[in-house]
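Here come two complexes built around chain A, the first alongside chain B, the second alongside chain C.
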Partner chain A sequence: MTLEPSVSVSASPIVEVKNVSKWFGPLMALNGISLDINPGITGLVGPNGAGKTTLLRLLTGQSKPSIGGIRICENNAWSAKAKSHVGFCPYGDAAWDEMPGRKAVRVSAGLHGFKGDEARHRTETVLDIVGMADRAHRPIRTYSKGMRQRIKLGQALIHDPDLLVLDEPLNGIDPVGRDELNELFIRLAQDGKAVLISSHILNEMDQLADHIIFVCRGKLLASGSLETIRDLLDDYPLKVRVSCETPRRVASLLMELDSVKSVRIETSDDLFLEVQNPNRFYGEFAEFVLSKNVDIRGLKATDTSAEPIFDYLMERSSKPG
Partner chain B sequence: MKTTLQFSLFASCFQVFGLTLRRQFFSRQTIVITVLLGLSLAITIVWLASDSYVRAPMRGTTTYYRALSPETNAYYVVGDRVEAESVVCVVQGRRGGKRELKARVSGVISEIIIENDFKVSRRETLVRIQPDRTGLQLAGKILQPLFMGFLLPIISLGYASAAISGERTSQTLVYLLSTSIPRSLIYFSIYLAVLLLTLAVTLSCLAALCLIIGTAGFDVCYKYTPVVFLATTCYVSLFLLFSALVRRATFLALAYALMVETLTANMPGVVKSITVSFYANSWLYDKSLSLGLESSIPAYDPVGAVSSQIILVLAFLSFLLLGMWIFSRKEYD
Partner chain C sequence: MATSLAWFSIWPIARTAMLLVFRRKLFWLLFAVAMLSFIFTFGAIYLLATLKQELPQMARFITSMLKDLDGSGTTYLNFMKLQGTVMMILLAFAGSVLAGNDHSRGGFMFYMSRRISLVYYALGKLLAIGLLVLLITTIPALVLFFEYGLLGDMAEYFRENFQIVFGIIGYGLLLSLSIGLLLLALVSWMPRPVPLVILWGGLFVFLPILSSVLAETLRDSEVNLEESSWRLLDLWNNLYIVGSKFFGVELPLFYGAIIVIFTVCLFSITAIFFRLRYLQHQS
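Up next is the complex of A and B:
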């Protein structure tokens, strides 16, 4: 079931961000960001405090850029007109707790100016889309995080917006719920909507997004398709701990691999490697273990969190060229 | 760009109106206000039931006169009417000094505790008088200090100052702000909802307090209604402005109500002319002159009724417009 598109899709991007900076007092939250958002799923990735939420709030007209301009379907993002093109699913689980889910969606329909039968029809359609039709009679305060997220999504979808903005929608949701939501996002993107999803975990966006925007410390680090980002990450140095019986011998042998930058013997049976281009390293390492017949007990990457990746990208972006 | 949405701004605003009305009515404020109203009614009932006493100022012998001449020898008895200036009793001291005791209130003698020609000691209670409760007294003793000075600002404050800052605290304001209703209209719809609710509560409080003394309260209720109406409108627009400005608006509004409205409004001089209550009281003073209420209203050099009305209307309009302007430019998180 789909809603009729409210606006014909034009050739220009749905969102145009031009040289936007935003500061709160002395704190610079965003620094000269320019980007376009087109139909499809766009992942906005960055560590906590990178300025993701600030950027989303600017896009949804909750706040105004200090300098620069944001246009949503040719309207200034702050204007009331732009908001009829935007559905916003804010961070956290704040909602009208005392209302049943259906009522909350119905109120959102009312807030967007739908009356009577049309409002009821849209409410049911949207509840079907987010898969909450059978549970919508319960008050929101009894809902789980995933159900709240669905109701919020329903509220954001009620006026069939061109741009759907979701602030950390997958935060705190179990893997099954996550897969269901992801499927939903993909379906919405197939309907020609631009879906912008923020996350501080890169892996969440890996399978989902067509396009990824990296922000860190208020700056746009990288922006592009998933392939571009993968290429970019190929050179990312990874620290790996190798446990083995004979560390000295293994260390000397490992030094011969191209992808290994340095080897450090930490304890009697632990080695610390710094490797360039993780993907190539894993391939070479598997071959190495088979051919040299060494006794390896364990292999573990020591920093798999997103933060070092962002630091790395940050460093790269500050280098000339 | 052509939209096929059947967009109706009025329906959106009405939804904001309904949502606010509902949220504010089903809130803690309503419970607090109900409790306060109950207390006020209890105070009024206690006041109604309380009697006035005449006590002996010194040791001596009592003599009750209906008239001031001892020759008539007519004593007051239970059920007699007395006026404030009536001499109910004369106490004659042992050395021949006489003291006339006035009733001090108008009413009906309900009990003569010490009969005629008895010896009494100092401060002994002689007569109990059940005072008349007129609309005038109600206005002076209950409505003025309790309703105008306390309940009315507190009710307006409770509903208005929590309206926007409450939505901010519960992080649901974003749902209103992500709709395509112009922000100034969102503010205006919230204002109308809060105003309607506050007016309904203040006016029914007024009616309840007035009608408790019976039909004598009708006239007072009638005279107070327009003043209460305009004062409520003014308070609501002021406190909603606070709510649009700061997150903890209730504290600011309470501080304002205590410091400015209560303290400075009762001070002589020009400072009081910045308060809403001063103009409301001035208007009441003007109205109550016809009721003969001069002594009960503690307004110092009040301004005229017309000018206080004009000032109140201008104040409420400017608070409202300022609120709409601020709300449409401010960023809420």
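Up next is the complex of A and C:
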């Protein structure tokens, strides 16, 4: 990023959330959440209604926690100073369909107090970063979902924030656009920014995030690196589809593996396995393929959507001990 | 480097709202209608000025017929009232674009995540509405005032009637503030265009009719129709009554009209504040 940074990055975490709870009347949207967010990509994962949006609103200073505190670069999250460190890319479009993309980004510059040449320079720089410089003259209504997302990203980046908060940025984006956006997020993280991406699809975060935060029903279920999360999911019963040429033979051989609970032949090419310990299974499966000399065309986990994993984690967290 | 004062964010908010309105064809259609009456008045003043030089008696005759074109404060007061009718229609349709869509499509969240507070947001929206009101009522009235002076005995007209400028600006600001607050309050609670148009129509069409009917049927025979308290139900008329004072004309029910307008403004501010606070904390 070639913009003059609006702030200096300190050594402490960019975001510090301490014991935060949030009530809406009788509804407890967040319950005693504590976490830190550092530079890099952090995935905030949870099913719909988990409290992700509430947490994002608190982080972006749109509302205050009922209990606890949130500090952004050592400032209270709802202070104007903290907001100058945060770039927010909301889920919805801001109803500016008739406005050209360039103007929409320019408005964001104005809202952060940039004027004249400075605003123009920042606008062109971020349009370049998000890859929209050549298409920014067109009205937003003519954009694809991915292009709209890029413009929103440009609006969020205009003041060169340390923390970039993205609410479901990959929702409804086609695979090509998704890859392009992912590359952009990685680039921004490499520039030293903390990029917080919310999603209800765990797979989206798998190759993107350095750190995952799981929330469900307002509680923090798990937080850590992907490895940490995988360790937590050791006993998670995973369903896997195996594509091969000789399913009957492969099925009988796979039943010998300790991690495989059941095998079902679905079509002439596909087997469905239920495995008990995904980490161990993948290791055993690699050895199995090499040693048994079987022709495997594909291997895919079929139920890695967030909901069953959350249910599993919820169940696990509610167990005593 | 960015300025540290969030006051500067008011203008981008207002400008964005106005840009969105300016990009609607309906706005330009209604603006053209508003300009028709302006062009007609402009032409009539020009014609009268020409007649005054060529045929003074004819000019005097026409001026006696068209009292609204005599260059007094009433000329501009009535012109602004006429423009206000179109302005009301325009605001009914533009209200959703000016602010309503922010609540239904995430714009409010966008603004609130920036370095601005509810107050700056509300002030930005009020400024947008106010500028639209000024654009249709006050600026054309000022143009007419200067046209009248420049085409006639310039020095004498401006010297004798300079207070009219303050009257035009005062009435314009009154309209901007009160209509702006009311519209923003309604839009905050009712962002969708159709219910908004219906409610707006109810306030500025149904209530005036109701007030006329009630004033007519329930009035005391000794009280002038214009002095009936039922007339206070007509908000637009109240604005006219208070606005007249800026031009040195005191109409009946002046204090009643002030109380009604003040109450409406106070109610609107409260409604805006509570609604925006609610939206800000809504999950």
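As a working rule, the second predicted complex is superposed on the first by the 254 of 321 C-alpha atoms of A that agree within 3 Å, B and C clash if a C-alpha of one lies under 4 Å from a C-alpha of the other, contacts with A are read in each partner's own complex, and residues count from 1 in each chain.
Methods note: a residue touches a chain if its C-beta (ideal position, glycine included) is under 8 Å from a C-beta of that chain, and two chains touch if they have at least 3 such contacts.
Here the structure is a predicted model, which is why all the values come from computation and not from measurement.
With chain A as the common reference, chain B cannot sit beside chain C without a clash. Legend: residue contacts after superposition of the two complexes on their common chain; A:Ala29 is shown touching chain C, with no touch to chain B. Of the two partner chains placed by superposition, A:Arg148 touches none, neither chain B nor chain C. In the superposition on chain A, contact is made by A:Gly113 with both chain B and chain C. Applying the stated contact rule after C-alpha superposition, one finds that A:Lys219 touches neither chain B nor chain C.
Contact with both chain B and chain C is seen for A:Gln62 once the two complexes are overlaid on the shared chain.
By the touch criterion defined above, A:Lys103 reaches chain C but does not reach chain B. In the superposition on chain A, A:His159 makes contact with both chain B and chain C.
Once the two complexes are overlaid on the shared chain, A:Glu74 sits against chain B while remaining clear of chain C.
Only one of the stretches 42-50, 132-140 or 150-158 belonging to chain C overlaps chain B in the superposed arrangement, and that stretch is 132-140. On chain A, the patch touched by chain B and the patch touched by chain C overlap at residues 4, 6, 57, 60-63, 80, 83-84, 86, 88, 90, 92, 94-96, 98, 107-108, 110-115, 118, 155, 159.
By the touch criterion given at the top, residues 1-6, 8-9, 11-13, 15-16, 19-20, 23-24, 101-102, 104-107, 109-116, 280-283 of chain C touch chain A in their complex.
Within the complex formed with chain C, the residues of chain A that make contact are 4, 6, 24, 27, 29, 53-54, 57, 60-63, 80, 83-84, 86, 88, 90-96, 98-99, 103, 107-108, 110-115, 118, 155, 159, 165. Within the complex, the chain B residues that touch chain A are 1-9, 11-12, 14-16, 18-19, 26, 170-172, 174-183, 331-333. Across the interface of their complex, chain B is touched by residues 4, 6-8, 10, 57, 60-64, 73-74, 80-81, 83-84, 86-88, 90, 92, 94-98, 107-108, 110-115, 118, 155-156, 159-160 of chain A.
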